[in-house]
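Pasting in a structure now, in structure tokens, and then I'll have a few things to ask.
Here the chain labels run A, B, C and D in written order, and each chain numbers its own residues starting at 1.
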Amino acid sequence: MKLARIIEFLISKRSLLAVIMLVLMAALVLADIILPPAYTRFPWEAISGFAAFFGFVACAALIFFSRFLGEWLLYRDEDYYDDHE
Amino acid sequence: MRENGILRVVARFLIPLIMLFGLYIQFHGEYSPGGGFQAGIVFAAGWILFVLIYGLDAALQVIPERAMYVLMVAGVILYCAVGIAGVVLGGHFLDFYPLLPGKHAAQQFGIITVEFGVGVTVATVVMLIFTLFARRKSEWKAAKVEDDQP
Amino acid sequence: MITSDWIHPSLVLIAGTLVVPLLKGRAMQTWMVLLPLAVLGVLWLAQPGEYGQMAFLGMELVTGRVDDLSMVFGWVFSTVLLIGAIYALHVNDQVQHVAAFLYGASALGVVFAGDLITLYVFWELMVITSVWLIWRRGSEVSFNAGFRYLVIHAVGGVVLLAGIIMFQFETGTTRFDQIDADGPAFWLILAAFMINAAVPPLHAWLTDAYPEATVTGAVFMSALTTKTAVYTLIRGYPGTEMLVWLGAFMTLYGVTFAMLSNDIRRLLSYHIVSQVGYMVAGVGLGTALALSGSASHAFTHILYKALLFMGAGAVIHMTGRSKLSELGGLYRYMPWTFVLYLVGGVSISAFPLFSGYVSKTMIVEAAAVDGRALIWLMLAVASAGTFLSTTLKLPYKTWLGEDSGLRPQEAPWNMLLAMSIAAALCFLIGIFPGLLYALLPEPVDFDAYTMSVFLKEMQLLLFTGLAFCLLLKYVGGGPKISLDVDWLYRRGGPRLISATGTAIVTADRAVRRVALGQLMRLTSHMERKHGRDGKLAKSWPIGSMALWTAIVLAMLLTFGVWR
Amino acid sequence: MTITELMPFSVLVPLIASLVCALLPGRFWPWAVTLVATITSAVIAAITLPAAAQVTLSYAFGNWPPPIGIEYRVDAANAFVALLVAGMAAVALPWAKKSVDREVPERQGAFYALFLLALSGLLGITLSGDAFNIFVFLEISSLATYGLIAHGSDRRALLASFRYLIMGTVGATFLLIGIGFLYVMTGTLNLADLAERLPEVRDTSTVRAALAFIIVGMGLKLAMLPLHLWLPNAYTYAPSFVTVFLAGTATKVALYVMLRFVFTVFAPDWSFVVLPLSTVLMILAVAGMFAGSWVAMFQPNIKRMLAYSSVAQVGYMVLGVSLVSIVGLTAAFLHLFNHALMKTALFMAVGTVIYQVGSGHLKDFRGLGRTMPWTLTAFALAGLSIIGVPLTAGFVSKWYLIQAALDQGQWFLVVLILITSLMAIVYIWRVIEAAWFQERPGNQPAAGEAPLALLIPTWVLVALNFYFGIDTRLTVGGATAAAEALLGGGMAP
């Protein structure tokens, strides 16, 4: 159960981990700004940090869109198919 | 019917004649109109008349049912045997020429034998069919089944 | 089928499987490990070429065609058979083992089939054998799901057969290369392949059936059926424009519905749809780079998806629960499963150093080289979504999150071993992509580890993670199921049929009432005329036969004689 | 003895054996004699086929030359059907012993005599080159068949037999009327001679009516769709062995007679022109395929279900005929052969279940998959052949049928064939589902595996289904030769 302890330790340090992650992310964006774009096949490839922005927006969009889709149209009770089969 | 004297006497006189006529048709079949089928029927008709007058039991004592059954089969076997004999002697099935030396004699022998087989079978089949029906009637009577036919 | 330099791996597998019912306990377990190893050995010996030609109905069958493309799939199929067999060692159900091996054998048969007839035979065999992996779960739900699976694939099989027949008629051959017919044959065969590749709206069999399969069976299923379909698409339909759009649509469809799923294996199943979407899009792009991407993505996908299914299966096996809303806080009790699952998760999300990265970026790159902006964006969204639900949402809700009060044991050693092998392979391919690229039919002119690709991918993934953390409370879920296309045949079809049925019955009743009234009048008239109560009615069956005879005769006579 | 001289003995041997059987008492000897006779006749038929495929054999009875004397005239088509009939009988007989002992315990001599009569009648029909002889043999086989069906233990067998008798007699009479018309117009009964003389007089309504009568008459015996009503009951209530035998042979011979008349006696370029035969047959065939499969899907009695499936399968054969091409006829002959294989195997499996369980109802199949695995696996495998799964014989014939339909550009027929195949999946599946996926109810007796005497012949047929699904040289070769013999190369393929 050593592994479980390691995980527990990591979880207890989660705020520190979060800071490290944020620093890492900032470094990534910075690097993207500093380094010249390798390609400009699409207009957005010239924009630094576009991928970061796009990832964030895509994730948010998926979360909200799927939730909307579910509650508007698709969600059913778990026994939905049972009473007919 | 059985107690009717006239019928009994006339039948006793007629039945042999009918049967004789049947045999006549049988054995003249190869040249003149006739043959096994007609002969068998006529012969069986004589027998049926006998049954009508004297009853089935008496008739079955003359020719038992098992004998009819065997004869029925034997007639066809005779027919086939002649046919096979033709093959064995080097001809085709039902080929009569190889049977005897002379052409005419061979044909005559073949046809008469074959027709005899046919006659026996036809006669016995008709007799058997009649027996089956007749016995069913007596069985019904024994079992007191109501006869719903008019 | 056997020559000195070629032994058909399916034949080896089938022959070996026949022994399985005779074995028990340790002997059976040893045999189960040895058999896939033997297949791997057979593949090692295989030389490119065509083998096992047979004449059949005036056509030439090629039961074994070995080239680089079929070898890629051959390798990964036999590898996953080995992993799956180890994973299933503890299962004491010979039917499942036999079904799984035969299923693997037929999948191998498909990829080595040189003609469509052989392909069709193995294609059908694949269905018949795999359905047992669903049924052996033993519940009524799984029986029904398996039955639906069977029906859909039966229909797919008929479509494929029809396509093959027309193809043969059109081109005079049944060789399986690029399908260059342009009549209905093209579309029928494509439709059949698309059913197996789970292209929406023909995908519902997958997400319906896989979550109901046995814990070990799902591992095989996740690996084989859709990937044989990808193989057939790569072989038969490279560069079909429609597939680009369908594939991109699939990736989004899969991730969206995965977000809605509560059952962990249903979530993963939707990600099969999504990932296969990348491959289908790659096939549609049709460039050498894209096709290499599709083939290698199929290769890596089989490994990490098997790993994910094994992780989810281990949880189900140990806890007996499969719903996100009923799980949580398992990290203390199943930490190894957690970590190994995460390896699969980061692989499917295409984190650098893991296998998904080296293959998925190849397809995305191919889309970029082709200048398809919209496709590129769609694939990028799907990447974000994949990371979101397989690596963030699912593990979070299963191992972390609210404690569900479950106190399971760690998974058995054989499960962990199988997962470790898969995880090691994911890692290996991620670090040394050259090993994978060397297997591909075309030389690969692509390097995943350039700074620009790396930066883009990392940004995309990490900021997705950021959004997840911030928006966690908005993530949907709960004990619900979501409708999908299968509604059409589970509820819509029956409803339609019963509605039509009611309409027909009503109409029929009305018509018959009138007709019977007339008939009764006629009958009573006849009866009055002929006396004898009911005699006419009694002889009706024979009468109707005679009537029909008279009708047909009259018809022929009218046409023939009195013209 | 040359092959030509040997050929008629495939009819004569069972005929004579039936006489012997009729006299034999007990249970063993009648069966043994029947077995020997049937195998002899099958061997003769097997020897005849290759020779007949080379050159048409002619055997004159009593050495009277053909147009006057009675002739057996055998080309590839009859030889193929004769081999089928005799072969199926020979395979079915080893199976028969146990089943007949159970279902017909008394007077087996008479029973087997009837069987041999029916067999020799069917063979006589196929081999005879004389129209009137065809009628005579048809009656011989039919009358024997009525007797066989009436042996069924269910009382409804009598009614079924009676109905079949009525309809069979109507059919035979129609054939006789047709032959009579032809005789009136040509003065000959020999088929070859008829074919020669007919062209002079064929533009008369008498000849056209003859064709119509013959088609309807044989359509009845063949159980073509609206004329099939006798078949389900007859197959259902007859003793299992009789069903096994009839399913593989009787309707096939009727189809052969129809083809012989339509193609050889009347040339196809006439008979398909003067009557809209192609259309009529196609419509009836498709209707039969659908109606048969549809009804089969809902039958609770498996024997009955298979009987309706036979109606559907007859539809496939007639469909092949209606396409009037070499490939179409080949498909018809192939299916004639393959259907005999698969349906006989299926009826054997059901008969085996009936032997063990005492009933052929679907509800009595529940849970049998576990206790009688060999029997039901045989059923399932033969079912695959009915469905037309590749590697089975059923696939081969459907393949040819579809090719024939495509040759004529009839796409929709392909669709229809595939849909009816799906329907076949449904009705076969119902049995499999009951046997393997349902529990045996507690109130039903558990049944063990059947004796080997029943299993081995069943599995031999199942194996043949797969053998002829893979090695198609014999069947396709024979069927093609038969089709070419009938079309005589006179028609464009």
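The definition used in the following text is that contacts are C-beta pairs under 8 Å (C-beta built on N, C-alpha and C of every residue); 3 or more make two chains touch, one makes a residue touch a chain.
It should be emphasised that the depicted structure is a prediction, and the values quoted were computed from it without experimental measurement.
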Maximum inter-chain contact count - chain pair: A-C
Interchain centroid distance [CA atoms averaged], subunit A/subunit C, Å: 28
Inter-chain centre distance, subunit A versus subunit B - centres from mean C-alpha coordinates, in Å: 103
Length of the line joining the C-alpha centres of subunit A and subunit D, rounded to whole Å: 69
Averaged-CA centre spacing for the pair subunit D and subunit C, given as whole angstrom: 42
Subunit D, residues touching no fewer than two other chains: none
Subunit C, residues touching no fewer than two other chains: none
Per-residue overlap in subunit A, given as positions that touch at least 2 other chains: none
Chain contact topology (line, ring, star, complete or other): line
In the complex, subunit C residues that touch subunit D: 56-57, 117, 120-121, 124, 135, 143, 154-155, 158, 161-162, 165-166, 169, 184, 541-542, 544-546, 548-549, 551-553, 555-557, 559-562
Complex contacts: residues of subunit B adjacent to subunit D: 69-70, 73, 76-77, 80, 83-84, 86-87, 91-97
Residues of subunit D that touch subunit B when the two form their complex: 5, 8, 12, 15-16, 19, 22-23, 59-63
Contact set on subunit C toward subunit A in their complex: 144, 255-257, 259-260, 331-333, 335-336, 338-339, 368-369, 371, 373, 376-377, 380-381, 384-385, 388, 400, 450-452, 455-468, 471, 474-476, 479-484, 490-491, 494
Residues on subunit A engaged by subunit C in the complex (per definition of touch): 1, 3-4, 6-8, 11, 21, 24-25, 28-29, 31-32, 35, 37-39, 41-42, 49, 51-67, 69-71, 73-78, 80-81, 84-85
